[in-house]
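So, here's a batch of structures to check.
There are two complexes below, and they share subunit A, which is joined by subunit B in the first and by subunit C in the second.
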Partner chain A sequence: MNTKKKLNVRSLLRDNNVTILFIVLCIGAYFASGTTLNFLLPELFTRIGRNTFMVLSLLIPVVAGLGLNFGIVIGAASAQIAIFLVLLMGVKGLPGLLLCVVICTPLAIFFGYLIGRLFNSMKGTEMIGGLVAGYFSDGLYQLLFLFVLGGIIPIANKTLMISTGVGVKNTMKLGDKAGLKYALDNIPMINILDVLFWGGLVASALILLYRLLKKQPLGIGRILKFFVPVAAVYALSFIPVVGRFLGTNRLLLLNAIELGALVAVIVSVIKIIKMKAIDKKAGLPKKEIMGIVIAALAYGATYIPPLFSAFSVVKLPVMTYVCIAGLVIFTSWFLNTKLGQEMRTVGQNRAVANSAGINVDRVRIIAMIMSTVLASYGQLISLQNIGTVATYGSHQQVGLYAIAALLVGGASVQQANAKQAVLGVVLFHTLFILSPVAGKQLLGNAMIGEYFRVFVAYGVIALSLAMHAWSKLMKGKEAAAKAEAAEAKS
Partner chain B sequence: MAQVKKAIDKFGLPRIIILVFFFVLIITAGVLNMNVPALLGDVIRRWGMYGILVLAMVPGIQCGIGPNFGVTIGISGGLLGALISIELRDKGFFENFSHNATLDAFMGIFVALLLALIFASVFGILYGMLLNRVKGSEMTVSTYVGFSVVALFNILWLVLPFRSKTSIWPLAGDGLRNTISLEADYKEVFNNFLGFKIGGIYIPTGLLLIFFLACFCVWLFLRSRNGIMMSAAGANPVYAKAAGINVDKMRILGTTLSTALGGIGIVMYAQSFGFLQLYNATQMMGFSCVASVLIGGASINRASIINVLIGTFLFQGILAVALPVANMLLPEGQLSEILRIIISNGIILYALSKSKGGTR
Partner chain C sequence: MEDKYVLQMENISKKYGETAVLKNVSLNVKPGEIYALIGENGAGKSTLMNILFGMSVIHSTGGYDGKVTIDGQEVNFTSPNDAMKAGIGMVHQEFMLIPGFTVTENIKVGRELTKPGLASKVFGKSLERLDWEKMEGEAQEALDAIGMDIDRHVKVAGLPVGYMQFVEIAREIDKKNIKLLVFDEPTAVLTESEAQRLLSVMKLIAAKGIAIIFITHRLDEIMEVADTMTILRDGEWVETKAIKDTDVVEIAQLMVGRKIEKLVDDDEKPEGLESAPVAVEIRDFRVDMPGEKVKGVDLDIRQGEIFGIGGLAGQGKIGIPNGIMGLFPATGTVTIFGSQINFGKLGDALHKEVAFVSEDRRGVGLLLDESIEDNIVFNTMTVKKEFLKNYAFMKLKDGRRVRSHAQEMINLFDIRCTGSLQKVGSLSGGNQQKVCLAGALTLNPKLLIVSEPTRGIDIGAKKLIMEHLVKLRKEQGLTIIMVSSELVELRSICDRIAIISDGRLSKILSPDAPDADFGLAMSAVRTEGGA
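Showing the complex of A and B:
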């Protein structure tokens, strides 16, 4: 028993060495920087909101065996093309953002298809291919924005263009007059709820009608399971106090934790009651009790003074976080559909997938299209929060930082999941925020910290790629040695 | 017709496009009444300037690690050597031996080259040992190892105790400058060595001599016993192993040679350019070198000296001619830089898509 546990600890350390190293680095940088949580947490949660969507867009290609998709840069670039067009049309606010989505989706689908085709002709070298394709498309993008726009296609709008009229300015402002800044972040909770309630109502009705016509089992239970909580919260929103609270668009982290703890307790209690009263199961409901304990601990933590003050300065943009949660749910749902399963098969072994009748090339192209489209949405989310687009720079480092973050979370070239993505974003951005401060404190030079974090980003990717390649080589050698031994025996 | 198609296939469509493009540019320059001999002189200067860096690709590709995107490791080592040479000059080290400025300059660059060779070789051995552990993924790993080494050297440029006034920021600011002038050191010593003008075209004899000498050395090496063993190890590792060749050792040899040439290459580049460029300036140099050798007809598995000569000439030729032509046609600038990005990455993509793939 004892030895087994020891082994587990060792393999845990080995399998998560990058993550553990990062946790240590983050803690070290936190104490070295001498900052407070009040500085760190608001920054951190802003960055989580900005970047998690982008990191999540990397998951599907990893599952489909395409490795880390350095081509998401191209998705980001198509988002910026869409933003330019919307700024040109002058559509503001949420309609403007939705128009961005409408424009960038076909663009990203088209580019994703092209990258997919390209990757199919360079199987095994997709990652370096994606990186180079990103640079290549950056050249085309610069050609478009510096010469074609204004040079070949006349653009009347003076505020967007360089004074000569040829080429787009270095920055595109989304704030003030453009009205795109916080277009997503500023959606009030009550509107989200409205859409959930009425949309859910219509969708449920349609599903029921469809099943009725097709004479399938209705499955009302599952629909109610989703709909009843939404309806309950919707009903609650008619109470003035709750209504006023839901009318805002930012949620204090403090409130979020309180609400989360409350919901967790309610759900656990309902589950326990169901187990004991309806199913009459024996034994302790360990999982549910653990849930309640964790919720209580989280709630209790809000009473620790430094945490309390930090939690009450962090304001979460609700809709953005809802989008991220939505993508997490979508990805895990998608990977269990037929197409998702096919992707898994292709990712594990192309030859097997092919002989099982899966069109490998098609599946890979679909994976690339999905990733590129999601990356373009991720860039929209990020840019509407930042409020300015660096026309020639915003997209460039997107791939590097997203991939580094995913790897920090413990993902590898061959497996990655949403948990690793979120953990990676938290750790990577913690270090990103702290390292210049720590550099200044320790060495009296903020630039060292800046360079250090760039070094870390590249280094993490180099390290995990190298470790992945090494372990693959070792496995191959072991297999060869085994085969040799077997041959020698016979 | 079929023969023509075969010939085109053999020469490669991208090379034809680039060759045609190069001539179109030259003709455009002529039509625009620009100083074509001066442009051609610039092409030749850049040919010698980038030549050794591109030559560094050959041993890497031949020994089986593929295009060495991580040549920036050698470049960083070369920069370190060049900086130490400046520091020595500043301390009056060379004056102990002679009081002649030209001799000092030559001494300076030879010391820089020697130190570059030493540093880059040491880095190269370590780098080769790493690449032996990641067989099959060398390109991706080497790219990112190259990037991280550049980032690491960025930190070193800030903290290393260089004191020469040429190298560090004059008043405020920590660490070394972004660009360091070699005016007082060895700027253009090789370019001006036996340099002459013919038909308005300046021939930097010394620079070209060194470039050709380096090419010749690599050519000789590839035909030596070790060179043949190395190429065999790269072409077919299984077969080479069966023939008793130590594949891992040969790969380290090739990688070290490639990295060392990178170190020497950057010093030659700097003397011709007149400046040392530190920090992120070198980050994408590996990509340009890879692109050059691929334009010259190399694949990601095979490369020769001829590929280096043709590729560097074409790639640098286009860039050298395109910049003034583009500036003439479109005064907004930057077009040449965009052209560089599109051509270099386009050719790499082309080579990658030719090398692997299949329906499965």
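Showing the complex of A and C:
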């Protein structure tokens, strides 16, 4: 018994070695840097908002067996093309951002299709292919921005173009006059609620109408389940205090935790009541009680002074976080659809998938298209927050950093999930923020920390790939030993 | 009459390039029948099944001639998917299962049950959500149907090997329109009790009216479950009979039987071979070669003998030479001319005057990018330090001697080439094999082991190589071990032939023994012991 437990701890350590290493590094860097949470947390949550969407866009190719998609660089580049065009047209604010989406979606679909085609003809070496395709596309991108724009297509816009008229300036400002900065971040909560309420109302009506016409069971219960909470919150918003609160577009982390704890408690209580009173199930509702306890702990934590002050300075851009949550939900929903299951099958074993009648190539292309499109949205989210586009640089490191973050979260070439993505973003960016400060504190030079984090990004990818190869080897050996044992038994 | 059969294959012929691998083969399978398909390796069984399943290898090589009808309707499948839709399923020898998926997911792979949602109505069926409850239910039904008690939530990776086969079967049974199921060597990896269980499951399935094509070389299994059998040999139809009208001996005979051209006359055989000293003594020899495991073999090979080792593919005959040469981990003892081989040390056998011509000519036997002369002398140079010239403290290749020796060999074996500097990669298979043999002989060995010497080479070269082996024995008194899948070849030159089955020695036969004896030795696997 004892040995078994020991083994489990060991395999736990072995399976999560990269993550554990990063936790240790983060804690070490935090103390070495001597900063406070008041500095770290606002910075961290800004970066989480910027980067998580991009990291999440990597999940689907991993599931479909395409490995880590270095090709998201191309998605990022298409987002930047869209931004350039929108800046040229001069559409501002949210409409401008939506126009970016409209422009970059077909671009990303097209590029995703091409990458998918490429990967289908180089099965097994997609990662290196993606990396090189990224460099190749960067070359084309530079040709487009440095020469074609202005050189072949005349563009009369002095703020965007270099003074000679040929080529685009190396930064594109999204703030001030351009009006794209914070286009997403600045959407007030009340507007989100409005959309949810009215959109939900219209959608529900359409669904009911459809079912009525098709003479299917109406399923009003399920619709109400979604709609009643939304309507309740919507009604609350007419109370002046609540209305004022919802009228803002940033949410204090403190409030977010309080609200989250409140919602978690309410949901858990409703579930417990339902279980006990309606379904009359025996036994303790462990999961729900756990939920209440965690909510209480989180709420309690806000009373610790240093945490309280740190939580009070972090302002979350609500809409951005809603988008991230939406993508998490979408991904898990998607993987439970027929197409998602097909992707998992293809990812596990192409031969089996093929013999089960799944069109392997098609599924892989769809996975690449989805990833590229999501990556382009991720880049839009990131750039609208940063506020400037480094025309020739913003997209370059995107793939590297997103992949490193995902790996830090404990994902591997073969399996990855949203939890790992989020954890990875948190750890990776914590180290990113802290390492220059720690470098300055320890060695009197911020650049050393800077070097360190670049080293870490590459190192983590190399380490993960090596670990992946190693554990694959070990697994093969284990399987062989098992087969041997089975044979000896018989 | 037409629809009496669930499957009819009429006059099927198939050529790969110029070589015909199937010649006018016909099959007629009734519903609920267990139809055994018998034949040696290369008899055309798998090609026939590839045609049935519309595999792309068939179509990319020019299709086939003949007619396939299912339930009286002519079909021409262009992909396995088509075959699946028409109700034909396959239980593979290597499991087509996904280890990381649960039993349910594996059973339902590609045919997941779904329920529509909002997104699927807008974007099409592929976005319907999986209906896990229903999938679990149907998976359980399929498992129940074959009487398997497996937890359907378990991941396949955690199942014992024997159970995986049943998951495969459950998956095929779960296909609602299934009419015909092909079992390709299903018992090859199973233990005896598991195999017994599989056979009873097959009967159960057949009783439901599903026809089964049963491909196996285990004749006892055929006698136990099959209703009808068809024997193929060298791509030709030999016989179709009801099992009740035949017996094991007849099947074995039909499976093997063919004319044998003797290359050695009996009077050419060295005299007193029976009393010659033992050259090679193999005791409790085990080799861990994937796909060709040797599980304990004892053999005595006499000096001056041409000793054949035969058997079907995957039974372990190839493992024996590879184990001796140290290419795969081996245990037991092999004593060659009185000195024991240390398997752990690669090349130990070479130092003990054993030469080896590998079955993996292009992988192990030759350096494809090097010249003929280098390939011929390479082993001798490294092992025996011959063909070397001393320059002060260095030893360099003695180009002139190498050239003249290679030229000698080229003339001797009639290697068709542009000269001794031609790269072996550009030679034909037969000539490459001659280079291999020349290289082995340059070592001047006392024992020559040749593994599948005639694989993939043309008849002329085949004959030349075989004749040369006989000549070597006659002129130099060389002891030769020849491992081959081609029984005819073994019987044409060997003095004795050991048949290896399931990693163990099945029987040692004289080349003149009746066909049936060979067939039985290769097929009746479980005469004693069991897997």
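In the analysis below, the second predicted complex is superposed on the first by the 468 of 490 C-alpha atoms of A that agree within 3 Å, B and C clash if a C-alpha of one lies under 4 Å from a C-alpha of the other, contacts with A are read in each partner's own complex, and residues count from 1 in each chain.
Rule of thumb we're sticking to: a residue touches a chain if its C-beta (ideal position, glycine included) is under 8 Å from a C-beta of that chain, and two chains touch if they have at least 3 such contacts.
If you're wondering where the values come from, they're calculated on a predicted model, not measured in any experiment.
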item: Subunit B versus subunit C as contact partner of A:462, first or second or both or neither; value: first
item: First, second, both or neither for A:349, with subunit B first and subunit C second; value: second
item: Partner chain(s) touched by A:336 [first = subunit B, second = subunit C, both, neither]; value: second
item: Touching partner for A:112 - first (subunit B), second (subunit C), both, neither; value: neither
item: Which superposed partner A:361 touches (first subunit B, second subunit C, both, neither); value: first
item: In the superposition, subunit B vs subunit C on subunit A residues touched; value: B
item: Which superposed partner A:291 touches (first subunit B, second subunit C, both, neither); value: neither
item: Contacts of A:49 with subunit B and subunit C, given as first, second, both or neither; value: neither
item: Which of subunit B and subunit C A:61 touches, first, second, both or neither; value: neither
item: Which superposed partner A:473 touches (first subunit B, second subunit C, both, neither); value: first
item: Contact residues common to both interfaces of subunit A (with subunit B and with subunit C); value: 351, 354
item: Touching residues (chain side subunit A, partner subunit C) in the complex; value: 203, 207, 210, 333-334, 336-339, 341-342, 344-345, 348-349, 351-358, 483-484, 486, 490
item: Subunit B contact footprint on subunit A (complex, rising order); value: 118, 120-125, 127-129, 131-133, 135-136, 138-140, 142-143, 146-147, 151, 162, 164, 166-167, 350-351, 354, 360-361, 443, 445, 447-448, 451-452, 454-455, 457-459, 461-462, 465-466, 468-470, 472-473
item: Interface residues, subunit B side, partner subunit A - complex; value: 69, 130, 133-137, 139-141, 143-145, 147-148, 150-152, 154-155, 158-159, 174-175, 287, 330, 332, 334-335, 338-339, 341-342, 345-346, 348-349, 352-353, 355-360
item: Of all residues in subunit C, those that touch subunit A in their complex; value: 80-81, 84-85, 90, 96-101, 105, 109-112, 114, 118-121, 125-130, 160-161, 191-192, 288, 531
